[in-house]
Amino acid sequence: MKPTIVRNIKRADAGVVKQLGAMGVATVHEAQGRTGLMRPFMRPIYPTARVSGSAVTVLCHPGDNLMIHAAMEQARAGDILVVTTVSESTDGMFGDLLAVSARSRGVVGLIIDAGVRDVADLTSMDFPVWSRAIHSQGTVKNTPGSVNVPVICAGAPVNPGDVIVGDVDGVVVVPRERAAEVLKLSQDRLAKEAKSRERLASGELGLDFYGLRAKLAELGVQYVDGET
Amino acid sequence: MKPTIVRNIKRADAGVVKQLGAMGVATVHEAQGRTGLMRPFMRPIYPTARVSGSAVTVLCHPGDNLMIHAAMEQARAGDILVVTTVSESTDGMFGDLLAVSARSRGVVGLIIDAGVRDVADLTSMDFPVWSRAIHSQGTVKNTPGSVNVPVICAGAPVNPGDVIVGDVDGVVVVPRERAAEVLKLSQDRLAKEAKSRERLASGELGLDFYGLRAKLAELGVQYVDGET
Amino acid sequence: MKPTIVRNIKRADAGVVKQLGAMGVATVHEAQGRTGLMRPFMRPIYPTARVSGSAVTVLCHPGDNLMIHAAMEQARAGDILVVTTVSESTDGMFGDLLAVSARSRGVVGLIIDAGVRDVADLTSMDFPVWSRAIHSQGTVKNTPGSVNVPVICAGAPVNPGDVIVGDVDGVVVVPRERAAEVLKLSQDRLAKEAKSRERLASGELGLDFYGLRAKLAELGVQYVDGET
Amino acid sequence: MKPTIVRNIKRADAGVVKQLGAMGVATVHEAQGRTGLMRPFMRPIYPTARVSGSAVTVLCHPGDNLMIHAAMEQARAGDILVVTTVSESTDGMFGDLLAVSARSRGVVGLIIDAGVRDVADLTSMDFPVWSRAIHSQGTVKNTPGSVNVPVICAGAPVNPGDVIVGDVDGVVVVPRERAAEVLKLSQDRLAKEAKSRERLASGELGLDFYGLRAKLAELGVQYVDGET
Amino acid sequence: MKPTIVRNIKRADAGVVKQLGAMGVATVHEAQGRTGLMRPFMRPIYPTARVSGSAVTVLCHPGDNLMIHAAMEQARAGDILVVTTVSESTDGMFGDLLAVSARSRGVVGLIIDAGVRDVADLTSMDFPVWSRAIHSQGTVKNTPGSVNVPVICAGAPVNPGDVIVGDVDGVVVVPRERAAEVLKLSQDRLAKEAKSRERLASGELGLDFYGLRAKLAELGVQYVDGET
Amino acid sequence: MKPTIVRNIKRADAGVVKQLGAMGVATVHEAQGRTGLMRPFMRPIYPTARVSGSAVTVLCHPGDNLMIHAAMEQARAGDILVVTTVSESTDGMFGDLLAVSARSRGVVGLIIDAGVRDVADLTSMDFPVWSRAIHSQGTVKNTPGSVNVPVICAGAPVNPGDVIVGDVDGVVVVPRERAAEVLKLSQDRLAKEAKSRERLASGELGLDFYGLRAKLAELGVQYVDGET
């Protein structure tokens, strides 16, 4: 694949992106049919990290952050860098200088299937990052890669301009074209869950609420009494 | 194994269960002869999580939380759900709705050798969970399993009604019949450690305190001087 | 290798050790030419842990902490215990009693390529630990090992008296003889980074700042326009 | 738990044990209701390894094979040593000398949730081993453990005298009391599979054979035509 | 995502598919610009396994092989089943009965990011499989999924009809539309390598052959003499 | 660390190197006091691989095999390339062309804490390799590293000229200066083991042979009778 930097990608509506962030990862994942979720090894560097934004994708050689610099020029306010490497790596490709640069561009967060460092600084800055590892290992700037091409990041396909939502539950990707629809579905789900929460809080069992008693019987689950 | 839900299990004395929680995982594990400890990949979702309770065991198909709903009906105030899957899974089988339901039943915590989600909500509720993973991946309700049968959870055998103690050091299982005895042994151990702590704090060496100098000599450990 | 305890090792200058701690792991790792870094599985038990000190190395049999007791006698104020095992282990070889003992000797922290327990107590004491695991599993005192011999800890070679720096980014080892030089290089690096930070914060791109545009061209990276 | 060696355990009928070996791991696992299977990291040291026998269980300290020697005295012709460690280990606890000793006692194989070495010799001897690792790391004989107590090996509970079946598909444990019943169920299953095989070999689809078309419809699976 | 079975997918030219198989995984991966490679945990069940074919993709719930049965009907002679699960699993979703069925349909192999069993039978049949695990754990047929939709398998995107090449080096995916072009590029590469092999076999150094001496100098690599 | 290629390293006596190979990994590891062993994830690409030779060490950037080419010029007949990367990698840094080149230089094998490819070719050539992974992922030649400097490979320190022994049990490193001594100790060990083997083969128990009965008693191991 010839190394390529794509300029001027399309993004989802900023209002939709913002509201998707308020929905949370689990809700969005459910609302869009349980797709788009990254693997559970992607963890926030501090537990209150929470973000939504438009993906600027970055495909790097392992141990090489050259293309993150190239990506910065393509990023706009509200974007999130989504960085992955050609093969698995935990190197610390991103630290406080890049975060300063990112913030000056309006970049609102980083999703990186590799390592990150200067975590104390990033936390002080409240610059949210989800990564595979925290590692100080330095990187070089020698090998080309691509910006704003489709990538697989932590098991999830990401296209440039897709909406990224991250919180303590992980990271989910919403295809750009589906953003408004998924927002609506997420809002519906939250509304429905609010009602369910009330009934469950009042002591109603999920067995009754979801009508599972018949299912258990049909599946041949037997009830027996314990030793008394 | 025919899928089975066992009702009316025996539990340990509530006072004993409560006091075991105050002992802490490491102490209880030592007091009962270094048994019953779960694997170290079981981590609390927030560092101050601390719990003790009686085990309601749940054996699920991977990616399926049907039996957690069935288990909820069998749970009483003071119980802890101990969930495991037939084969390894990190799916998010439990979230805030189930936590609301659990709390309404008086369930005091969750031990799950799989994933959990809605971690921000669970943390706000101070609902303590120890899990293998934090993951938003949703589950289905299609395949039967069992409730209150003996299970292996994160490497430790758990029988229904066993006492579970969890804190930042992990999770330990105390057989129901041994609960009072293990509490006594734990209290003795803490008392003894308090005295040891004093002497060690005053600068006495473990080598002298535990009488290890003779052992080192017997094992052929030699002392040499460094380069000076 | 005959089990050996080496007394009276050389240490780096205390002032240099202290100042290296202020530099942080990522900076020191870079300053000394990207060497000496431990693997990313070494994590602090609480996120604000931060330390620097002189290494007293401890080589143990797995599941056996006898030599940690022997090492305590060799430790002085300002030292850090660097514990590794002959083969991989996650057992909880160190807990609050050992931490009390360590503190009474002036030991300032622990680096252990194995497990640690009593983490709530260690956190209350603000006794910083970096470990492979948090695990309550108890250990024995039956098998000899060595103190103050060269070891490999979490992938990094450590000689007794080397300077250890730990923070949320991990752990780095500075050879004793290079401590002053590495401190100077770290300070230079920080000074230089302060200037870079200013320019990047003002919006200057890394592409321009580091002169990477020519490199991208030379490497054949092409720019194309996205679908608009 | 006080270290204990149990003498004179009960074993299943030798003919039943032998015939269970002929059934194979997958069949036995299915026949007894999908229980008793060890984790998939347990691999044979050579692909044609195949065995069945009665379990002599051995619980060792990590890095210590003392109790394997103690177990050898308790083993009889037709037994299999089932070795596990108090915490996870990959050390090479068993090699060609122990295999020679085992063979002289009539021991027919080894299941070890740890490491093994001298694999070329064991292969020449056709002494079948399933292990977590192949590793030359030597062990000591310093710390007590138990023989013929209930253990958890690679995730499966094993009681002394249980029947062990191993082949290239892994290792399964059959409770001693159920051995004859499970053999019968396995034979039934094989007979049934022979008929299924014929029909499937002739081109009949599983969809029809197992009646799955209705299920797909009921589950809402839709058929669409690809791009043509 | 609504569960869907896509019928009548397009496939690449059978001759091209066959010839791509002769090229081998490493060559094809290089020829198409180092894309399409599955993760290294995908291993053949026997070392001489070698295959090429057209992908029939299968997306399953973990622990559930219902959709493999559905996929069989969509498969034609020369196809390869490419099976993945919604979340990570090692369950044995495929065994000898399914292999018999697959062979009767002309299916030439299986790529499965999960487990496989009856490996001795599959090996006897010379039915090539690449899997994440060998595991006997049985599965159910309760939860819907999809056939011939785009999937991510072991880190690589696969579209139905893509060409799959597998050998001892792993598995690579060639997009259907690029099959002929990638074959040509692979052949060119092999021809070029044959010449390189000759020169390297005669003792010419890669340093000279690839002109790397200048690069080493430019990169500041110094030559020094060892202790003599 | 400035990238450096060290020429003209010292090697151990060729006869000693050859004889060490005949001793096998487990024996050499024991003979030299249980040091120098690489981690168990280093596996031979075919089970009959067996080698001994002098280490030419290679330190590479992840995903970059430039320095393997540089190393080839420094290698002589009887050498083994010992390749490691600055951070963890599984990329296929070595394949059949490099093997052809290596063989033309008289290089007898490869130890690589990363990936290897063209495994079918290497097996046909009987070119022995121990690696962390088999992976086709291609690499670049852009980033400098070093040749014949001290490295840590798979957890073991290796100095240039050290003797490497590899077989199905793994890889062990013998310091060059100790090669003759370790050979002698290995021979003694083998002679002693031959005698032990005889006695154990005749049915003598390790308990008696190694005098372990007293130890068991001293350690408080109790004998009890099973249920009969």
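Assorted remarks:
Just so it is clear, A, B, C, D, E and F label the chains in written order, and each chain counts residues from 1 on its own.
The definition used in the following text is that a residue touches a chain if its C-beta (ideal position, glycine included) is under 8 Å from a C-beta of that chain, and two chains touch if they have at least 3 such contacts.
Just so it is clear, the structure is predicted and the values come from calculations on it, not from any experiment.
The chains that touch both subunit C and subunit E are A, B, D, F.
For the interfaces B-E and B-D, the C-beta contact count is higher for B-E.
Centroids built from CA atoms put subunit B at 30 Å from subunit A.
With centres set at the average Cα position, the gap from subunit B to subunit F is 41 Å.
Averaging C-alpha coordinates per chain places the centre of subunit C 28 Å away from that of subunit F.
For subunit E, residues touching at least two other chains, in rising order: 2, 34, 86, 88, 90, 135, 137, 143.
The touch graph of these protein chains has some other shape, matching none of line, ring, star or complete.
The complete set of chain-chain contacts reads A-B, A-C, A-E, A-F, B-C, B-D, B-E, C-D, C-F, D-E, D-F, E-F.
Residue ranges on subunit A touching subunit E, taken from their complex, read 1-2, 33-35, 39, 86, 88, 152, 155-157. Those residues of subunit B that touch subunit E in the complex are listed here as 61-64, 86-91, 135, 137, 140, 142-143.
Of all the residues in subunit C, the ones that touch subunit B in their complex are 2-10, 46, 66, 68-70, 72-73, 90, 92, 95-98, 100-101, 103-105, 115, 117-120, 123, 133-138, 141, 143-144, 146, 148, 160. Subunit C contributes residues 24-26, 29-30, 34, 37, 40, 43, 47, 167-170, 172, 193, 196-197, 200-203, 205-207, 210, 212, 215-216, 219-228 to its touches with subunit A in the complex.
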